[in-house]
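Here subunit A shows up in two complexes: once beside subunit B, once beside subunit C.
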Partner chain A sequence: MTTTSTSERREVTAIAGGVGEPVLRPDGGAKVDGSFEFSSDRSVDGELWAVTVRSPHPRARILNVDVSAAVALPGVAAVITADDVPGVNGFGLIASDQPVFAVDEVRFVGEPVAAVAATDAETCARAAELVVVTYEVLEPLLDAERAIDGTFEPIHPDGNLIRHQRIVRGDSDFVGEVIVEGTYEIGMQDQAFLGLEAAVAVPDADGAGVELLVATQWLHEDRRQIATCLGVDEERVKLTLGGVGGAFGGREDISLQVHVSLLALVTGRPVRAAYSRSESFIGHVHRHPAAIWMRHHADRDGTLRKVEARFVLDGGAYASTSSAVLINAVTHAQGPYRCENAVVDGYAVRTNHLPCGAMRGFGVVQACFAHERQMDRLAAACDMDPVDLRLLNAMETGDHLITGQRVENVAPVARCIRETMALPLPEPETEDHVLSLPGGAGLTADGSVVRGVGMAVSIKNLMYSEGFDDYSTARCVVRDGRVALKFATAEVGQGFVTIAMQIARTELGLADVDFESIDTAVGSAGSTSASRQTWMSGGAVVEACRGVVGQILDQVATDRELDRDGLRIEGEWVTADGVPVVMVAEAVAGHLFEFTAEYHHPETTELDEYGQGDCHTAFAFTAHRAVVDVDPDLGLLRVVQIATAQDVGRALNPLSVVGQIEGGVAQGLGLAVMEEIIQTNGVIRNASFTDYLIPTIADMPPVVISLVEEPDPRAPLGAKGVGEPPCISVTPAIVAAVDDALRKAGRRVSPLTRVPIRPQDIALAGEGSTATVGS
Partner chain B sequence: MKRVETECTLTVNGVDHAVSGLHPGESLLDTLRERCGLRGSKGACEEGECGSCTVLVDGEAVCSCLTMAAAVSGRSIVTVEGIGEAGAADLQDAFLRAGAVQCGFCTPGLIVAADALLTRNSSPSVDEVREGLAGNLCRCTGYGRIVEAVLDTASQRREQP
Partner chain C sequence: MPVLIPENLAELREAACSHDPVLLAGGTDLMVALNHRSQRIESDLTVVSLAQVPELRSWSHDPTSGELTIGSGITWSQLERAPFDALAPALAQAARTVGSPQIRNAGTIGGNIATASPAGDGLPVLLALDATVDSVGSDGERSTPLSELLTGTKRTSLAPGEVIVAVRFKVDDGWQGYAKIGVRNAMVISVAGVALVLDGTARRARIALGSVGPTVLLAGEASAFLTSEFDWDAWTCSEATIATVAEMAAEESRPIDDHRSTAEYRRHGVRVLTSRLLKRGRERR
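Presenting the complex of A and B:
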């Protein structure tokens, strides 16, 4: 035992700025003074600009592409088409079914046909107009049902059905005492990140490889796809993360990466490109619009007994992540409720609409809207309070999904519901400020405003599923008492860099933490999606730091001839059997420590033909309550307040968690009341922020939050991912609140069944009730 | 096709920038970013809907994407790069402390717009903050922390004038 000198302060306390504190983001200073470099802010000496030439037709045969006039324009360095793709002319996250440039046929409005590099953006635009593509217009496939029933010719060599998955569990003939059914529709939502797609590609010294600065969600997967298209080894493609102006799933797929990289190789010069807002709307994938039928069977007391469902997800022209979105949808059909019997069919199909893929909550957003509307219907049919119905059926740890998978995670569903409902309701409006009326300043409601309250609950899988090993890598170096962390985790604004810094401080007892460039010079981190980086890359940082801690303790044991087994790092001290012996900063002085760790989550399995299997990694749960004011005559509504209790495991940074919750609520509110990409005959009608509305500060109500902290023993540091859960059940909660207001106004008895809610859905009469009570 | 060009002098954050070879219709945003090397102001919609490009012209918040550079020659322009020295360092700090910054793309425009709001109204109510910043879109934060940052700044300025 070492004695403690009274002259020294040897109090072991938690290190400042460690795990659990509302630490400020390390890139925040640069973001508030304008010096933070987004990918669109990077320019390189001698750079060319690039622009993409796109299809105006949803489906057409390409008869000829004539680039001669464009090439002849002064200032144009190159015009490339499918003929110029040296490797595989196909990319995609799951299937490589999407061409870099269309060959023979275009399949959606906006599909790239050619790309131009020129001295400046204006010359690019003029050259693009000189690319003459001769099309034979073909009839587009726009009805997803025709992709399923086989009555439309294949619009792609891979066929019109991207994936079908069936789930059958328990007694498929079971008939409940109470049956409710409904058909639900979810519109196509856009991620609408503020920072438009932008990249700079620089050819390397011998001109055979390329260095790409790009805002993306997954550097290594981008690299794999780019290298395949360029026909070069992955080592010849180096990616660095440019500053990312939001992502939300919309940067998981390739957009301009291959185009600029190929133009850099062809011209031998740096190439820079940036999308406009209208191009961004057609240049990345969207949330799948969905048509969902559900039939719920229950006992008279409200016990849920069986779920039947049919999902149709319109994947648009190319597969992207449609198959993963579909699996999320069908496997979450029951919601966070016990249910032993299920028959579910899901289809993800190809059409000539805009391609769809990942967006925050992928697949589960759609499923949750349907199952929560069903739970409200069931509550009405059983003459129960919707909250009581949900509490009666609330899932717990050890319960099973309809896939047969046992929920091993902490599952505080009932607690989330109770804490949400216990949060204070808003005060009645005391003054007639124009902003407090539905419609705001432009479409202000009159005096007949009715207030409604609704709620909803969600279950969301965390990390990737179906046997995919989406590991993450991190390296920790301690040199001269400073920590340097290296990882390829895409920081998209969510604040992983903050969490990583906090983890390193807590694990190592060292205050000074630096970050190396986020690039492909270290192993993959997997994607910044599926609420997975706090768990996966956080886990990798924990393990990398713990590797270094082991080395530090070895060093201390040797230097001071102490028993290695009794040594630990606590606070900023190395302790021996709990007694402080030396500060970590002093112990590491003059030494170099380094450890690289890979973190893997527990294995998952694929689903069998009956949809059975342990396909998901982990789950998080959330409840939302919405309060809305509705003008039933004008069809206007205003969301007055959102209350939510979210199962976060442990809040590693409460400020970041609140930011994720408030931001997620805004996106779920947008889907509920305003956001939808409208396509007519395959042509997008609202590719601008004038016509595609996202919530403004005036649309956002206060969000009152309760963090449900039950550390999950399966998660590194007990923390669950918090990115997606906030944007899921908020949408049906708002819709339930509107229903409640309309009931109070005596206007409508049947539930609203589509989002976003349109004025006519409120102001005009709806369909009849479909609730039936069996004998 | 003959390209019409003009020239002007932009006074940005107190520094004169002589700009030549300017297309008469070129936006102030493009000129600031591509000719003056000031890339703090962002473009996200090109049509005045998102507010990411907000700058001050003679103290008034404008969308620099809708303002022709040649039209503001000789007037005082303040961008996010100069807003701290122009008296908004406390507002920048409040944004950071309140958690009002995530991806940060909207932040430059929001800070400039919020500074203009506080200049007009030193004690805004919550509704006045919401009304005053309704032209600035943010996709990450849900705006709650932004309201807090602006109200915090106003209250601190009242306590320490």
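Presenting the complex of A and C:
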């Protein structure tokens, strides 16, 4: 064995395209030039189209469903209702309380009552209009408080209270030297993903099972629920991920999956469905609107001593993930600050509003808005700078949550705050362009524009909580020198496939990495949510690759009679005690290696009746600073700049992290200043992009970013999830900036307490307001 | 459903009169209505495209009379730019607020008039300019003041198949402006819009309001008061006049609460915008 003679020439450098590089994503170009196939683009020979017939009432008894006229329409292949559901007519991520098709009673506007399959979309639409449903309209439950106080009859067999959770810690009678109190309101936000819901179901050859191509967040959970509703074994339902155009939680629940699968089984033909934008608004769950009361107690020097809170989350008609969203909200009530005393009550309730469930930030968005507005109040009450107050109370590793859980992760809260505040403020605008003023193209602004600055900080849990083992699976195969990765991780646009390929390159020292079809032919990856896939599926890919690395090194040890213990893969080389011996590509030639790994996170526990328990897996922290220009007379505004420092652990792909941050900022900005689903008497009023406003390029400011990289020893490769944290504290930071501007304009002393901020909230309210004629 | 594509005005008249037509210009209102199924084209209807009729896509300006005639097929993208930005700056400003570049490339001023939405951005400007609409239908040609053509929310006195050929109004070197409140900074439906025209030749002021009533509204009393109080020779008016005119315009608005805003805020918006426009007009900004 002589390796030394050539080793001088052998340089061990990091492999190109590995971990830490800003590798471009494989789907990026196609999405930009329009050639990417979204699930709505998929067409199958012989396909039928499907459409859903939905309730126009928030609450009504179904007296009769007459499908005869619809069935008789030429071109219609099938019309199905609750009677045609062969398995359980109920689904749901936590409780199966939502029917595939309503039986006896409809509980929200848009609830499916029937579905039609026909030769084309127009025939479907006409047939849907011919389905005659006779309703007896009932009084809807629209006031969340009445769901709590028990004064409204149950609108569902499971009752009107989905979950109540109390947290009591420390001295519940503690009274602080300084006390601040407020009530906060968060509107219902939509995920507003660009790729609408779509699926194609193809019946099996024997007609007993179905293959479904669908844009979703969690293939295996979809499969479980679909199989239950169809009354077939899970093996008879095969899912493949279609091209997904964003998700943000809105695809975690079942929407059209069961409808198209059932129609495919009933008709024996492929069935395709695609929602319109307006149907999408009523066809998926939303962010919970919330009413939150908080009272903070502190020492005169600003030390936070006690948090009291009451959360009411309106879950709408069905449970979805409401109970988990509630737990996230109440357990994050203290924010990223030390606090030893707490009394918190939270309620997730059922009403006849649109169902709510998962959306990026998952309960923490609501909690953060309230606790950060409280921190601003507390700073004012203690006559302190809001930044100093937050630094004084900033949580560190080893501190405890109000649940008693110790924060074991890297917790660079103070560093995030300092780095955010150190980022440069915007340069004064040189060109006088209307789009740089509040009101933009409408040319409303005159000389009275005032600039404000605000900041906010967040803590966000990563992965699932309360004892749930949301493991992930990955398989790594090395054949002919190429790596093939297989996993069921839903790529929804977040860039996991890119990260997976980078991990494989770095772990294996092989440049050529492919990923196979994302489907249910491999074990579950869990959901693409809760900022968890880089950690969980990334962890599974790491372990699968390391399994293969072990096999490769065994092979090299045997082939070359080397001491196995000294062998490693470094760069593209197999090294023995640090000395390169053979390139990996050469070592694997002619061999086949395969390893499948399941990655599990440390166990968590449930909360007890006092809300105590180690219920969360891990935490990440973020700070945001907002600069906002406000036209106080009209209440119009423009966010000028967002600065943020985010605790990312380690940026496996810095470009992807920046993408997540910019996108998250846009979503948090939307919630701050424009995004809200409006329902009156239970009827959605703005189910379109005409009236549900999301930020345009004219509303989106530059984002200046500092990545706080302190690799977390508990995370695979040190990397924390980065998906949700960017969209959380940006909202209260913007609102704080608006308050600051209004103060400078001499307008308002009481803080804004509601998002989205509406122009009238600024222009028509506030002490000292001179809201008459503009300047 | 048949689609006819006439290539001149005569062919268009023929096509529009002999069928029960659906007129299609840029399609930015019509296609939305069809997709939302708020409008249906039954198979016995004929779609008549206006896109290839050169007469609808022309414009003229008579410097002697000051009359500007704009073909109904002129798009918002055209109206944003020369020569319209100089001839009719308020209309150009309204054009800049319409939708996105894609919508402005397709959407036409004729479609905006025929849709007759109270939120149509061209309409307050045209109303403040006292515009006249020229149309042809089975009863022949007619010219109608815009104020008479607009009969209600999304309703006009246009007969089925009657085609708007052009809209015309006088422009001078006075001042005109338009401002629109929306909840985001571009591509947004108006929550309240105000157009102000200070006609130095006729020595007349006209203020028109959008999105604050069932149709666009002329603030008649505010206009008359401003006409009499404005110092046309010195081209100025007092702060008190501005405050009164703004208050009168706000009073004349007839807003409602809906999912886009509240009546109270809309009225407030009219007051602030009127005041700001009048200050701009006074300084010819």
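What we mean here is this: the second predicted complex is superposed on the first by the 751 of 775 C-alpha atoms of A that agree within 3 Å, B and C clash if a C-alpha of one lies under 4 Å from a C-alpha of the other, contacts with A are read in each partner's own complex, and residues count from 1 in each chain.
Just so it is clear, a residue touches a chain if its C-beta (ideal position, glycine included) is under 8 Å from a C-beta of that chain, and two chains touch if they have at least 3 such contacts.
Predicted, not measured: the structure shown is a model, and the values here were computed from it.
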| item | value |
| --- | --- |
| Touched partner set for A:L391, first subunit B, second subunit C, both or neither | neither |
| Which superposed partner A:Q494 touches (first subunit B, second subunit C, both, neither) | first |
| If touched residues of subunit A are counted for subunit B and for subunit C, the larger one | B |
| First, second, both or neither for A:T690, with subunit B first and subunit C second | both |
| First (subunit B), second (subunit C), both or neither touched by A:D41 | first |
| Contacts of A:V71 with subunit B and subunit C, given as first, second, both or neither | neither |
| Touching partner for A:L636 - first (subunit B), second (subunit C), both, neither | second |
| Partner chain in contact with A:G442 - subunit B first, subunit C second, else both or neither | second |
| Which of subunit B and subunit C A:A698 touches, first, second, both or neither | both |
| Subunit B versus subunit C as contact partner of A:S276, first or second or both or neither | both |
| Subunit A positions touched by subunit B in one structure and by subunit C in the second | 276, 435, 441, 688, 690, 695-698 |
| Of all residues in subunit C, those that touch subunit A in their complex | 32, 35-37, 93, 96-97, 100, 177-191, 193, 242-243, 246-247, 258-262, 264-265, 268-269, 271-273, 275-276, 279-280 |
| Partner subunit B, residues of subunit A touching it in the complex | 22, 24-25, 27-29, 31-38, 40-41, 191-196, 243-248, 276-277, 433, 435-436, 441, 492-495, 655-656, 658-659, 661-667, 688-690, 694-698, 700, 702-703 |
| Subunit C partner contacts - residues on subunit A that touch it in the complex | 125, 276, 278, 435, 438-444, 446, 633-636, 638, 673-674, 678, 680, 685-686, 688, 690-691, 693, 695-699, 758-760, 763-764, 771-774 |
| Subunit B residues touching subunit A - in the complex, by the definition given at the top | 33, 38-47, 49-50, 52, 79-81, 84, 92-93, 95-97, 99, 101-108, 111, 127, 129-131, 133-147 |
